[in-house]
């Protein structure tokens, strides 16, 4: 039992609800929401070290022994993600202070933001299939509202597509829950794992596994990412950044959880399919990123590439591959928030996202430009920046099991990442400076700090990889040994 | 931390303080003077290793980075690394000295320039001293990036940006291929250390991935060293300031590929593919570069192509030298080690003469304002010192005595002649190609060297074509090229000092399996009248002839269609990729929700039915199913009927009424299935939902008839039928495939455990109370969302009213 | 121009009382019989909706002066805080307690913390349902 | 005892069902909204009354359980069914729902002719379907 | 015997519901549909009553009352809508 | 019985899918409602049908039907209600702002 596990979910929830009661007091809203995120982060840090010392932490909610109640399970993988979520949320929140506008602040932006975090953190921590669905719905509903925050034409249009796609995927999720419950009679992930291990993963269970793959692919943007480019390019910057950092990652997390803990018996079927999906995703994402001259489009398609890349690590199911995925996942959450914030700032300054109309920003905004450049290099995986280890290990993982095509596509995709990001950099920051100070549509005042903070985290992740390595190795180890998870939950 | 690491990281550390120097001190003192201290220190520091290395010793240091993953900055100082280290720091010193005069402290953003340059220097040093293969890769990419930044230094210029992107894309592409190769190497040797790989070379050569890894690694080396066909980035890289060209694109960065090939020779050499790839690509590049150099009118472009060609020369020598590994410790082995030795020697020589030539061109550019040969001429009298240096550099490049180029060129001819007689790897048939191509390329080399010197410095001086008043460069600018020119001459006269202390240890590092006997590699300017000498004489004679008749035949180049050039290919493929990507993406990302859903549903059906049929087959077990009663059928008919009405009606009240009916029937099902709580909830929710629908109808338009084309409808029909079938089939299979007892038996003790007689309620508030808690949160969020959506709308309208 | 709704309004008054009573009954009874926070809450909401149907928004608002968004938030907070109660006593989050007490009027009564939880649920449901319906009908 | 319970219950329930069925037949066969409304509200209310009474008696006699909820249910249906029918008919009339040919007199006509505002102009009952081609 | 009678009654009610449903589907006016849906609700109450006797359970009593309440609310809402196309009225 | 329910689920899914694929927003919302009904039926059937009495301990019976799916459906119903409410409002807001309820006309262009 470890009640701390619930805190990253409960604190934002309580604070969010309290903030609903006081909608007009903006100072209070800002302070409390920042506090909630920071507190969750610190608690998560604490949990992380407990896991390192004592193994996987669990909390049986309500005191009901698993599998009958709902279990909260903090293994290293999920806790790492929770911590990263808190970091990213913290920075995006600070960015939002200056950029989101008082109108939105009074229209419950902060509570909704906190609910999003509740949902994301909860999805990472829960050890129950149906509870996962509920957490998905929590963050989905929050994201529905956040996407349409502002109520513009494009926002409403894209949020409709986003919402309907997700309604379909939620229905699929429940189909899956029903099938699985019918076959196994349980909902607890650990219990599911042990039951399926006991009975063997037959064709029907594999089919259900693939159903879950579709569900989470829809969330993760793995191949079925049609909703993603539209919905990530319409909301206000801070929201787009948090979406880019978190939403797909929840889906990725779920894929990892399902296919390392429960459906790991038929890798030559399931994992191969995942690998193919990942490869196609990377190719399509790379094409999308290369093809457009639009800040937001380039960035969103980069999100898609990274989804494919991270999942490629899972395919290998080797220690190197999983470790790489975890590194890259953490890196990607931070770096995507970073580049989205910078991209949003560019749009704020110039009033357009069309790269052909932007030029020479670096003269007046050198810090922004260089931070973007470092971010871009980090995405490509240039050592010693944060993406490097992930890239190397994922590639190594795919090579180890002989999926050279997958690793190769991954590396080629990073060339496209480079191309698209440098294209963005060269068009937006280099070239003749065409905007004077007066002509700029907004100011970067107060916006640089959160971006810099994220950059520092990213750099620390890369340069100080040794510091986090123990955690990542532990996480990979736990993913590779489902028995650790099962034992911790079911005792 | 060892003092060596302080030296290694000195450039990076210093780069941090450069902006401050620039900001506060630059007004009085050129920032370059401070930066100069960095390479100088490094150079002097590295000098102390010469005696150690010359004795055959090596040094290694470890700086932990991620020790638990075995990723540490392990450095290894041997002859090869030291040679490069000295070149980097030595030429670096001279280049920075030169740049102080070349770049104005008032007009340029010097801090950026020096940061990039220092970053590059640090990366290059790290590259040549790294033993850890991933660290090596890291520094490798860092050189590409700093090169990108340096080429794009004048980022307002379109050409700069173009060249920068080109170089970055090509070198990083190579870098990524190389990374793949490295990872394969790591998997094969199970170590990150290059030395350990060399020690376990047997495991690698017998591995099935050997050839793949070899090709991939070479791809990296070739792109970096601008080998054919990846050479196209180098001419465009000349957009960088001249000191940069002198440094990166002649002396150091482009040699990284050479370094890599030399470094990995012990691992890969000895195989036919290595020989043919390295030597073949090298010799082709040699020819291609020299051939193209002739037609250039821009001095820097000419030098760029000459660099390509010279790098090809070194590369081909390394390839030839790899035969030594094949032959082992034998006479042939020693013969071919000499080729490797020549490669190292020429590499050094090239750095000196090419560095000086670039600086000369820079001076010309700086003083006259142009680099176009057609506008230049007769500068000899105005700039005598510059002219002298140019002559030294160019003649050395052309392979004439008494300059160091002559020595290595002779050794090169010896090498290609030996290859013709090697008699392995299919050289029996094609061996003769090597000397022939080499000789022809040398003729071209001779010609462009002459063009370089004589078109610029002799002939008629035409000041009217120049924008500036021309005079000799300031002394400071001349110091660096003079020093390099002196080295060029000195090495010719005392080659063996260099040979003994630096080249032979380097050779030993490249070919560790060979017994290197210093006496075998004695360099002498005069080695009798032999084939090589005759070849050189031939080169000079034919070269002079060609130069004299240049005007007559150089026009032939213009007939070569641009469409067939590699550059055109690059531009086309880049534009093509963008266009293709855009087309593909726009093709499936149509923005139509229906299409997205069609994709999703189709994927759902195909994947699940595919796996269900192939993996499970149609096994259904209906034995445990409950019996069907008449009343059930009534409800079923009701639901189906109502559902069809919802589908076909074009009357929204009807749709809602029938939807409500479906809800009522479903809740009737819940009654039949003994779920009172569900029945209650379903009923209430259905009613409230109906009210909601009605409320929204005020704002929503009426239903239209189902419109659309037949094909549209047909697709929808097929997809939806398939969806329904999939869900049903899976449901039937799953319902009949109950493997385990459900866990709900536990909840039947709810009264003892939770004090509740209603099991469902006990589950909701107690056993799974957390779900419920979140579910009301979801409700709360939805309520909030509805409120926010509507408020936004009303505010929007208020605003628009105000503006009216 | 409003048509008169006398019949409807007078019946509604009676019906609403019945529904309210019934809702409370459903809510209180939920632990042992079908019902509970949700259904109780939703049927209360239904009663309020009926009021809105029969009368107009303004009239109802004069009599029920509650910000339903805040009601929702309070409901959720109540539910969460019951959960935190367990934490305070060193038990797992959401641990519910129940016991049988001798109360002066009611005799032996079962008191459970789940009831507080259920109250939270009910409040949240009422708040949300009414909030949504009100928001939509106020929009034009 | 048990036998009597069952017989009484069965009779009530059977009668109730038959009345309901008759009501349904009326709902299908009668010519216009108003007459159908008459059948539906009156008869089915009676039907449900019978069935619920039967149920009530069954539990009263076999378990000795007197269900207030059932009584309340019967009461509620009785309270609301006429109102619902009234509201529907009024809505129908205001929307100019067609009247059967057999109708003799429309007493409300005059009233609504006096107060034309009461009758809706835009008719929602029969929504016109708009064909939009793309 | 008892069970048989109940069963017959159930079937009669099922038939009733289907007939009502026919009216729901057929219309022709919205008022007809709503009236029929209301009828369906009431008949559902009756059939649940028979079920309670059949299963001998009190679990569904609440549901019966609730259906009564809700079908009333639903009917009112529908009627409101077709009458005035606004469900909830506002003063201004 | 499971067989019949499975067929009903299939029909509901088919019609729901067909409606989801249509162009008009209201139809899409109706489709999602139908699908959610099918989901609920699927879940309750996954626990087995007619296997026991209503899960109430107060009536002194033994042998209960599986209560867990019922609890799950309750949660699902409520969540679905929340989503439907939101979607409805979103739809009509979008209709008012964008001026059309035809999803095919809401594709969106590159720059607007």
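Some notes on this structure:
Lettered A, B, C, D, E and F in written order, each chain numbered from 1.
In this text, a contact is a pair of C-beta atoms (placed from the backbone, for glycine too) under 8 Å apart; a residue touches a chain by one contact, two chains touch by 3 or more.
Only a predicted model underlies this, so the values are computations on that prediction, with no experimental measurement involved.
When each chain is reduced to the average of its Cα atoms, D sits farthest from chain B.
Across A-C and C-E, it is C-E that has more C-beta pairs touching. If each chain is reduced to the centroid of its CA atoms, chain A and chain B end up 26 Å from each other.
Centroids of chain C and chain D (each the mean of its C-alpha atoms) stand 30 Å apart. Once the centre of each chain is set as its mean CA position, chain A and chain E turn out to be 48 Å apart.
Spacing of chain C relative to chain F, judged by their CA centroids, is 25 angstrom.
Touching two or more other chains at once are residues 10, 15, 17, 30, 34, 55, 58-60, 62-63, 65-66, 69-73, 76-78, 80-88 of chain E.
Looking at chain D, one finds that residues 72, 76, 80, 83, 87, 94, 124, 132, 134 touch two or more other chains. Multi-chain contact residues, meaning those touching two or more other chains, occur in chain B at positions 591, 593, 597, 651-653, 672, 674, 676-677, 679-681, 684-685, 687-688, 691-692, 695-696, 699, 703-704, 707-708, 727, 731, 734-735, 738, 742-744, 747, 757-758, 760, 764, 766-772, 775-787, 789-790, 792-793, 796. Chain C contributes residues 2-3, 8, 15, 18-19, 22, 26, 33-35, 39, 43, 46, 49-50, 52-59, 133, 137-138 to its touches with chain E in the complex. Chain F contributes residues 20, 25, 28, 32, 35-36, 38-39, 42-43, 45-47, 68-69, 72, 75-76, 79, 82-83, 86-87, 90-91, 93-94, 97-98, 103, 106, 108, 110-112 to its touches with chain A in the complex.
Against chain D, in their complex, chain E makes its touches with residues 1-2, 5-6, 8-10, 12-13, 15-17, 19-20, 22-23, 28-32, 34-36, 38-39, 42-43, 45-46, 49-50, 52-53, 56, 58, 61-62, 64-65, 68-69, 71-72, 75-76, 78-85. Here chain B touches chain E in the complex through residues 630-631, 634-635, 637-638, 641-642, 645, 651, 653-654, 656-658, 660-661, 664, 668, 671-672, 674, 676, 679-680, 683-684, 686-687, 690-691, 694-695, 697-698, going by the rule given at the top. Residues 7, 10-11, 14-15, 17-18, 21, 24-25, 27, 30, 33-34, 37, 40-41, 44, 47-48, 51, 55, 59-60, 62-63, 66-67, 70-71, 73-74, 77-78, 80-82, 85-88 of chain E are the ones that touch chain B when the two sit in their complex.
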